[in-house]
Amino acid sequence: MKLKDGDVLVFAGDSTTDAGKSATPDGLGSGYVRLVRDALYAFLPRQNFRVVNAGVSGNTTRDLLERWERDVAACDPDVLFCMIGINDVWRHFDNFDPKHAYISEDEYEKNIRAVCDKAAGVREFCLMTPFYMERSRVDEMRAMTERYTARLRRVAEERGVALLDMQAVFDEYMQGRPGQSICWDRVHPGNAGSMLIARAVLRSLGV
Amino acid sequence: MKLKDGDVLVFAGDSTTDAGKSATPDGLGSGYVRLVRDALYAFLPRQNFRVVNAGVSGNTTRDLLERWERDVAACDPDVLFCMIGINDVWRHFDNFDPKHAYISEDEYEKNIRAVCDKAAGVREFCLMTPFYMERSRVDEMRAMTERYTARLRRVAEERGVALLDMQAVFDEYMQGRPGQSICWDRVHPGNAGSMLIARAVLRSLGV
Amino acid sequence: MKLKDGDVLVFAGDSTTDAGKSATPDGLGSGYVRLVRDALYAFLPRQNFRVVNAGVSGNTTRDLLERWERDVAACDPDVLFCMIGINDVWRHFDNFDPKHAYISEDEYEKNIRAVCDKAAGVREFCLMTPFYMERSRVDEMRAMTERYTARLRRVAEERGVALLDMQAVFDEYMQGRPGQSICWDRVHPGNAGSMLIARAVLRSLGV
Amino acid sequence: MKLKDGDVLVFAGDSTTDAGKSATPDGLGSGYVRLVRDALYAFLPRQNFRVVNAGVSGNTTRDLLERWERDVAACDPDVLFCMIGINDVWRHFDNFDPKHAYISEDEYEKNIRAVCDKAAGVREFCLMTPFYMERSRVDEMRAMTERYTARLRRVAEERGVALLDMQAVFDEYMQGRPGQSICWDRVHPGNAGSMLIARAVLRSLGV
Amino acid sequence: MKLKDGDVLVFAGDSTTDAGKSATPDGLGSGYVRLVRDALYAFLPRQNFRVVNAGVSGNTTRDLLERWERDVAACDPDVLFCMIGINDVWRHFDNFDPKHAYISEDEYEKNIRAVCDKAAGVREFCLMTPFYMERSRVDEMRAMTERYTARLRRVAEERGVALLDMQAVFDEYMQGRPGQSICWDRVHPGNAGSMLIARAVLRSLGV
Amino acid sequence: MKLKDGDVLVFAGDSTTDAGKSATPDGLGSGYVRLVRDALYAFLPRQNFRVVNAGVSGNTTRDLLERWERDVAACDPDVLFCMIGINDVWRHFDNFDPKHAYISEDEYEKNIRAVCDKAAGVREFCLMTPFYMERSRVDEMRAMTERYTARLRRVAEERGVALLDMQAVFDEYMQGRPGQSICWDRVHPGNAGSMLIARAVLRSLGV
Amino acid sequence: MKLKDGDVLVFAGDSTTDAGKSATPDGLGSGYVRLVRDALYAFLPRQNFRVVNAGVSGNTTRDLLERWERDVAACDPDVLFCMIGINDVWRHFDNFDPKHAYISEDEYEKNIRAVCDKAAGVREFCLMTPFYMERSRVDEMRAMTERYTARLRRVAEERGVALLDMQAVFDEYMQGRPGQSICWDRVHPGNAGSMLIARAVLRSLGV
Amino acid sequence: MKLKDGDVLVFAGDSTTDAGKSATPDGLGSGYVRLVRDALYAFLPRQNFRVVNAGVSGNTTRDLLERWERDVAACDPDVLFCMIGINDVWRHFDNFDPKHAYISEDEYEKNIRAVCDKAAGVREFCLMTPFYMERSRVDEMRAMTERYTARLRRVAEERGVALLDMQAVFDEYMQGRPGQSICWDRVHPGNAGSMLIARAVLRSLGV
């Protein structure tokens, strides 16, 4: 992807993107979005960018689609990253309310296609895979996460959308340490995981 | 085990036992110890008991031994439950400070023997196994937990100490739902897990 | 009463049911409703239920009827428990504002009939008697409470509605200790009393 | 009793006297002691008095004796009121810890005698009976309170100490309304009960 | 004036009446209104009254008239006390904003007449004079206060309205101590002054 | 008085000087001391001074002498202002504790002499009269203040100490407005009075 | 400029004028506006003025114009001071959002003309130059500030509007000390700088 | 410099290093030290390091030397970075207390030599230059900073100590934007400046 001076960059997603943004006066949160913004600001002082955190904690693909117009499209992005789906999976493991509206693999794929439709006019658009910080591939939540991300990969390929494989980034990390070393719940990336995500985003932008 | 009117019951352990006791005026915390105390108080109104929460969050066997005299022995228990060890395991998964003093399987076994020595004069003494709320037996932290609890079982058997198999209690639960349904980190039992622990303790006391 | 997998359970009542629900993020309060929910969740992991706390502190039968549609009927309960009336009695003992609208025995009976009418379509419906934690039957507030609960019993019988006699549960307890041992005001059940109520509810459901 | 210009008045007791004194900058609390002080100050502007609140919440006679020298004697009172004993009774109704050190009628009498010994050199000394705001004389806590106050009356008579019968004051009130109209627990006097106590104290001083 | 069982008593006025009522859950404030209410409740337990604090800090006669319907008339008082005017005077001593709308003696008299008109249908109506706690009659603010209260006295007499001379009450007090002994600003009555006002009100009601 | 570059200026006194200094991080308070410091800093940028607020709220001359060594002398002042005495007077008007140790005119004079002794080695030393913001000279507190300041004037004259007549400054102000226009209690100078004091101090220093 | 008894004085501007006004109950802030108000109040007690702080932190000329009617004109000023423009400059140095609407020198001049148009009917109107507390004239932000203030001077001259040269006031100060001695950011005047501004304003009014 | 698995890294300095460490539970602050720690943890998962923030806000070289033993040496560092001196300079620009103990260029050099002596036994030791975020080299504070860093460079060269030229890093940044774009005071690096420092540190370590 190519950055241009003056670009608006938007990051859409869930709590991994949100990272407590309502508690920070500038709305950037304390996760990878801030690291990316700070790096662009510090390392490219001859260019200027607007960076927007459009993550909301707890969001599934369904929630993101519902708020797309006011939170994403309204920012008129030149560059758009979207990392969504771990909550679509996770609710199968932590929510057993009989009235809960679970999101199936099929709905996930359909929703990702809708995201791509909505992002059609953006100059640079990149999907990021959700990830689960468990290195055993037979873990049941890791396995389900991979089934969902397989759908996302398929959509990205069909549509010709750029893709950042975040699971691969964390798998490389987990060759050194288990996922709990980053976060007990194996989902929230904290400081160290945000560093990994930010590096991947910056490399994809050639920074 | 046999309860007698007027008994002092002490529960020694880590955060699973502690359950935020410093935030509750009566020092009982909000976990299984409170449920056990409330049940004894409510269901046996013709008898009276003193119940003490001697859990401290983050404790390993080494930490518990260090404070045994002032926190456990000083209460002069008639009935004593001790559930300790998950932090001995967990630190191998979340702490990578090169100066950290990890607790090996051998030290764990040695420490559990020391606990048994110190509990020698207590009328009713019961070891409870630590547990990990992951139903895959090939999960690496579950596997390590089982190696440690195997040591604990061996000590209990050799010493003729009563044993409550808490891992078995949670395995039964996990035939219905994954461990994350109780807590994202698969360690802290929260409300539902405390209910399971309290039921096991009460049954062991014949209540 | 019979529980079925997927049932919605609603508990309607006053402060005994409410138990500080606005201070707990999940709205369950810290009384018997939470204990029932936790027990169902922990002990029946192969089934799933939605549990709703529909108690409001200070409510009389008149107040409960006023909010029935939005707080109870709107939840579409499969199983419904209703324990209401102690405030109908209590206001005769602690409120002497000359403009206060006291609720007579007759109005109480009329209101309980209205509750039964509104609960007509619910699959499992159970009335619970209010109770007063004073073991002397000649105590004036206990005596008045019994006059009101006599009306409730009559309605339950006529209508063929299930009935849980909570006064009997507390009378059994008070053979061991006076009511003040649970709460100074002899009305709010606290931890130990909530344990008694939850046990009665769970037994009625066959758990 | 006779007040003299310049007198130091001390009120020793439990929570009825304390009335939250640590929350008021001048240490007078918000109960009858403040009302007495304000009335003396307002109605006798040509005389000046020092008034000291020496009540401590939860105190029994045993606790009061333990702190007598530093809290009461150290004030060098000219006029001393002492109302103590309801906690000696109450703990039999709300505390069932098997290690609790209950205070028997005999110990209560012994402790009241010790109070009289310590107060020997005070110019004006007055015992006030503890009271229980329940109008049924067959109530078990009221009955026990009366057995204890009978002991106090006997000591006062033998020693020739002035006595204020606070139970009689509240009995008169309870001919109009039940005790719960003042406080749900029938022990703490709140605003209305403090008014009754203050009036009795002031009348005994001829104000 | 005559109290009847079931009466609604309303006290209209300024900060002397208000006494921080918004900080007390029952809206009675911590001044003389509470003392009057507590005394009625405690000393006349066979009768019941509703007591309303209708004072608002900073009010002048003009402010009180503006809110009369919603704050006073809406309570439908059987017994009404009104003490207002010190702010009409005080603003001449502490406010020098050139746009300030001062209240003249003439407007004060006119406003008091309007108060009397509005209170016409109340069974028992009593005006209370404002007061200034300075014993020197040549003090300029005391002098102005007296000119205003002279107008109030004239209106009360013409209309045949009961009158409580609060300045006289405080003058009696100030024969013993200067006004600063109650409050540095000589306006707010605090605890001791509230005691004096409450006694005057209660005496006027024959309590 | 003469300022020299590098001087340490100390202001000793009571609440008029203190002005809430413990609530301001630099310990200067929000009264005249800050205004003087700011003016020196702003208007004489080629010279530098250290300014110390050595006022303590509630202090009498007796209190000031007690802490002189550690609070005043320890600062090694080159220029010293001392304004003390209003509390010596005021306690006669607001404190009627029979054990209170009042300060007589004679003690006041003796204490001021002691202040002068202690200040003997300071290069520039100036006494400031206490003041009372009441323009009627027959007011009883004003009259007493003047008796005390007469003693101070006498001492200053005998010892040849510089004197700032702050009462005169406020009398001039009070030809326009009454003292309450500055503060209801006529003692604390607030913003406007601090402005007057600061101007007087600065003029005495030729700034 | 000429002050008249009864005048309304309004100060329009940015954070230098605002000075935290929302944190002060009277809305005057803690900067030069308060000092001016206090000085007028203290030094001219025979005259009375209303002083209004119409500064808002962060305002540019564009922001001020937008709110002129409701914040400035609505006060109906007799005397009006306006100091605005440092934010018009500063944003070129601290804001690099590519969508930011910078204010050019030309727009600044146009906006100042609009301010003059709106202030046309005010009896006494005075422009104050923005200032930058850096004594090196080759500093880039100082240089830009001077280009903007040159425009303001030109407008003032053409329109015949009074002008206070605040940069000159601070330059004089900075002959003694660098600008950082007042504030690290060289923009906010703090206590010492407010003293300088207030003195300039008061001198312009002949006080 | 060479990192080895298991190294302890210590960063000694002032507020640039401290970055609010007392407000973060792990004591790392929110500046470059955290970024370095996170990057090491994230990017080198096969190695483990302990990272210590030994910065204290406001420190000069003199302050750092005073606490060296307990804050730096006590950590037994394998790798040590030290960035100190901007406060030695800054106090000449913002502190004009005549008693202040300024640090001259000569003392600065002497102190840096003492730092080098104390760091003698550390395996990898690196001095970092202080920096001032003003791009004009004729700015007076920049000029003084450069005189001090010239001394530091000389010492580093003589002693053969590694040196990171942080001023050069910020000069490169300031070719794009002025220093105020990072922080109004041109001293504290905030998020963007911390990114620049962290990158320089990591590069020096070959990460």
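All chains are identified by letter, namely A, B, C, D, E, F, G and H, in their written order; residue positions are counted from 1 within each chain.
Everything that follows uses one rule, which is that a contact is a pair of C-beta atoms (placed from the backbone, for glycine too) under 8 Å apart; a residue touches a chain by one contact, two chains touch by 3 or more.
In this text the structure is predicted, and so the values were computed from the model without any measurement.
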| item | value |
| --- | --- |
| Topological distance between subunit A and subunit E, in contact steps | 2 |
| Interface copy of A-B among D-F, E-G or C-D, judged by whether over half of the contact pairs recur | C-D |
| Proportion of interface numbers common to subunit F and subunit H (over half same, under half different) | different |
| Superposition rotation for subunit E onto subunit G, Cα-based, multiple of 5° | 90 |
| Centroid distance [mean C-alpha coordinates] between subunit C and subunit B, Å | 35 |
| Gap in Å, rounded to a whole number, between the CA centres of subunit G and subunit D | 66 |
| Between subunit A and subunit C, centroid-to-centroid distance (C-alpha), Å | 47 |
| Per-residue multi-chain contacts in subunit G, two or more chains | 41, 96, 177, 181 |
| Contact graph of the chains (line, ring, star, complete, other) | other |
| Which pairs of chains touch, using the document's own definition | A-B, A-C, A-G, A-H, B-C, B-D, B-H, C-D, C-E, D-E, D-F, E-F, E-G, F-G, F-H, G-H |
| Complex contact set, residues of subunit A against subunit C | 96-99 |
| In the complex with subunit F, residue positions of subunit E that touch it | 90, 93-96, 135-136, 138-141, 177-178, 180-181, 184-185, 187 |
| List of subunit C residues in touch with subunit B within their complex | 34-35, 38-39, 41-47, 172-177, 181, 191-196, 199 |
| Contact footprint of subunit B on subunit H as seen in their complex | 5-8, 41, 48-50 |
